[in-house]
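Below is one structure, written out as structure tokens; the observations come after it.
Labels A, B and C are assigned to the chains in the order they are written; within every chain, residues are numbered from 1.
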Amino acid sequence: MDFDYNDEQKMLKQGAREFFEKECPKSLVKQMMEDEKGNPPELWKKMSQLGWLGLIYPEKYGGGDGNMIDLIALEEEMGRACLPGPFLSTVLLSGLFILHNGSEEQKKEILPKIAGGQLILTLALTEQSDSYEASAVSVEAKAEKDDYIIDGTKLFVPDAQIADYIICIARTKKGDKPEDGLTAFLVDRKTPGITITLLKTLAGDKLCEVVFNKVKVSKKNIIGKLDQAWGPLQQTLQQVKIAQCAEMVGGAQRALELAADHAKKRIQFDRPIGSFPVIHHLIANAMMDVDACKFLTYEAAWKFSEGMPCAKEIAMAKAWTGEAYQRTAAMGHQVLGGIGYTLDGEMHLYFRRAKSGELTLGDGKFHREALAKELGM
Amino acid sequence: MLWAPGLLGGLTGGVQGPIIMQHGTPEQKKEWLPKIAAGAQFALGYTEPNAGTDLASLQIRAAKDGNDYILNGQKMFSTGAHNARYHWLAARTNPEMPKHKGVSMIIADLTAPGVTVTKLTTIAGDRTNEVFYDNVRVPQTNRIGPEGEGWNITRSALAAERGDLGTFPWPKILVDELIQYAKETKRNGKPLSEDPQIRQTLAQLSMDVSVLRLFGRRLNYMIEKNQDISWSAPFSKIFESELSQRIANQGMNIMGLYGQLEQGSKYAKLKGHIELAYLTMVVRSFGGGSNLRLRSDIATRGMGLPREPQLAMPVKK
Amino acid sequence: MNMIVCIKQVLDPEAPLSSFKIDPATNTMVPVTSVPFVISPFDEQAVEAALKIKDAKGGKITVISLGVNLLRDVVKKPLSLGADELILLEDPAFIGGDSWSTAYALAAAIKKVGQFDLIFCGRQAADSDSGQVGACIAEILGIPQVSVAKKVEAIDGKVKVDKVTTDGYEVVEVPTPALITVSNELGEVRFATFKGTMASKKKEPIIWKPADIGAEPAKIGAAGRRIKTRKLFQPVRDSKCEIIGGETDEDKAANLAKKLVEVKLI
């Protein structure tokens, strides 16, 4: 494993940084927090033109044939920029699930349109029981001739308010184990019976309640195998978590830099507050914390891209990164004092996203438990 | 490594060989390298009663007299000095110079007349020493490197040692032992490893061990690429020393009342490792560079924060 | 259309002034490690000018850079944007020069490339700010030069250049081959696509040493210097902040304009 990106990845990362500084200033980020759609269409289009939306897909589906390390280089910059919009839900959660499980026809139909910025998708997994376990899925899909009828409520569905399609994970059979009998349906959002309510959130990201009231979906719209969605879904989630960790790495790194910059400039007691050893300690702790995030994430990404088993590494990266990002941004607020507490500042963007990132796709506790299992306990 | 005690391995760190290779004269190389290769033992003589973290305040005096230096003063915590033949000394050769500049590296013979070695016992039951020098003669040819360069030589040796701490094997060994213990040990009829709290603790500790491993590997990577490691080398040192203490402390909680049993005593588990670690690991937080001070180094060198202003009027010792 | 673009790797000029220090004893800049390297921004515009012509008319773009420790992830950027070839004059003998000795080496390399219709340079480098290299290259090669271009169009055997002046721009035409120095008024530079970036992996830079371009050792780098630096120093600037008031935004703007006239800034 390398502790540095290769030349092309560095170019990608640097280019992305310049692009986002210009096209995604923090004023836009803040505007999008208030905006109902939460996705500036121009920005989405430009990212598509740069080949970033399809980066991770194979060329034959309109993609760039990139690997996981390329993706995390870009993700770091997205985190730094606090990029709004449905990259995670559309490109990663939905796109990767289709890429790994969809029929050739589904892949040919959908992936080029995601890469081209024409389609927004999301994945509806979690429900009111607030858990990423299989047992938490209660939304049912009942067979009726050539169709299935989906009934129930999904919660915390990202970006459903702008999605063209929703991949709904529903129970099609009551098996012995909760993991059995789950199926993924590609549902057109305009299908009668779907009601979407946008929820107000800490980070201004768009989470929705999606109610399926006897929604009719054709059997043809099943992605992957009937009753067997859970295993494949977990594999996709694993991959998405690596990318999400990289996004948090980028955010944490920026929060640290903002704190250090402020500490160098802010004069109190006739000297820069950054010369107080207490501030040195805060910064030093955060530096170690952020480096730990980086290396755990890089190791997970590297093992993944080499096709090696990496469940342990992913659990560690997600557990550590979510919590460390939060610690770093909280530290940032401590160092910035009152000025950081105003909405004009930027630290709060990281502080908000740190927490939502930590909670999304399983928090530290969840992943430490996963790790304990991996350790044979 | 600066200390010998139980868990922490053998005597002295083998810093002398590389330093003599780098800074020694041809004669010194001829004299010392074969001795070192043959297993000559050195004790490290840096610390003094008034020079700990602030090592540059050391006072032991090496005054020139003909072709010799005459040594007078005291060293503290010279681990292994009661067994070692030689003392790897940082001594003041010029008291007129600013404190960092008047220090030289000298090899003293611990069996020479005027040297007294007395015992200090650590909380972990190991021996370290005070060493007193009373008009001890050392030939000037025993000075390694130019006069006044001792500080720079010492610093590079200490930095190497700090990086080296990243490869310290004990955190991983202890965590693996604790995981095994939790799987095999039942409390109230259930394995400890089924207790959710204990699962969380052990998972966290094993994550920490991974981070330590990655810090160490990154350091090697930076050394290979010739990058500046002055700020990243302490990452390993700080993280490892504090992790070792966490492991010992939380290990005790996992093992409950058994945790406190010493090695060799009846019912002792895991060879008493955790009890021993609980005491031994304390030294690592301030020895080999104090974690508190190193954090300031990291923030100033790595992130460009301003240094703490010096006192206009130094406090009298 | 065969085009050549000269680019220079510089320390990021956006970095805070406090990152840079000067050693008064040697009249040189103290090396810094905390500031990243970038392509001098005007040179990026020069690359963009060439790319625009390639978009419109096709052609080949050869990029040349002179220096030492040229970071591949920096100097390969034009390749990721669509340039075809990268030549690095990378040798300690090339550095420490002045505008003339740098231009001498670049001109020698350009002669070796042989085929060219247009040469692009940035109007000046973001570090030394001399603005001479382009003109010197044109002089050495004996070709016409147009400076501070904001728009460049190729029209059968000629080039039409919009050239920035203090209060507008002039439109001039030159026959090819010619050298154009490009200014920031050219506008936005493009971003590399993912595919473009990855494709640059396959384009390895060509490295030329002084002997490869037949350069006389006495004329390149420090040996070829004709300029002597007497004194290099950081000017100390005092700044004061004044808030300009006014009832409405219009008033404020008018008051600001008055003030600027008063202090002879406009």
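Definition applied: a contact is a pair of C-beta atoms (placed from the backbone, for glycine too) under 8 Å apart; a residue touches a chain by one contact, two chains touch by 3 or more.
Just so we're clear, the structure is a prediction, and the values are computed from it rather than from any experiment.
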Nearest to the mean of all protein Cα atoms is the Cα centre of chain A
Maximum distance between Cα centroids and subunit C occurs for chain B
Cα centroid separation, subunit A vs subunit B, in Å, comes to 43
Chain-centre distance (mean CA atoms) for subunit B and subunit C, in whole Å, is 52
Subunit A and subunit C have mean C-alpha positions lying a whole-number Å distance apart equal to 40
Touching at least 2 other chains, the residues of subunit B are 304
Subunit C residues touching 2+ other chains are none
The subunit B residues in contact with subunit A across the complex are 179, 182-183, 193-194, 196, 199-200, 202-204, 206-207, 210-211, 214-215, 217-218, 221-222, 225, 232, 235, 238-239, 292, 294-296, 298-300, 302-309
The answer for subunit A against subunit C in the complex is residues 7-8, 10-12, 14-15, 18-19, 49-52, 55, 64-66, 70
Subunit A residues touching subunit B in their complex are 1-4, 256, 260, 263-264, 271-272, 274-277, 279-281, 283-285, 287-288, 291-292, 295-296, 299, 313, 315-316, 319-320, 365, 368-369, 371-372, 375-377
So, in the complex, the side of subunit C touching subunit A is made of residues 72-73, 76-77, 80, 191-195, 197-198, 200-201
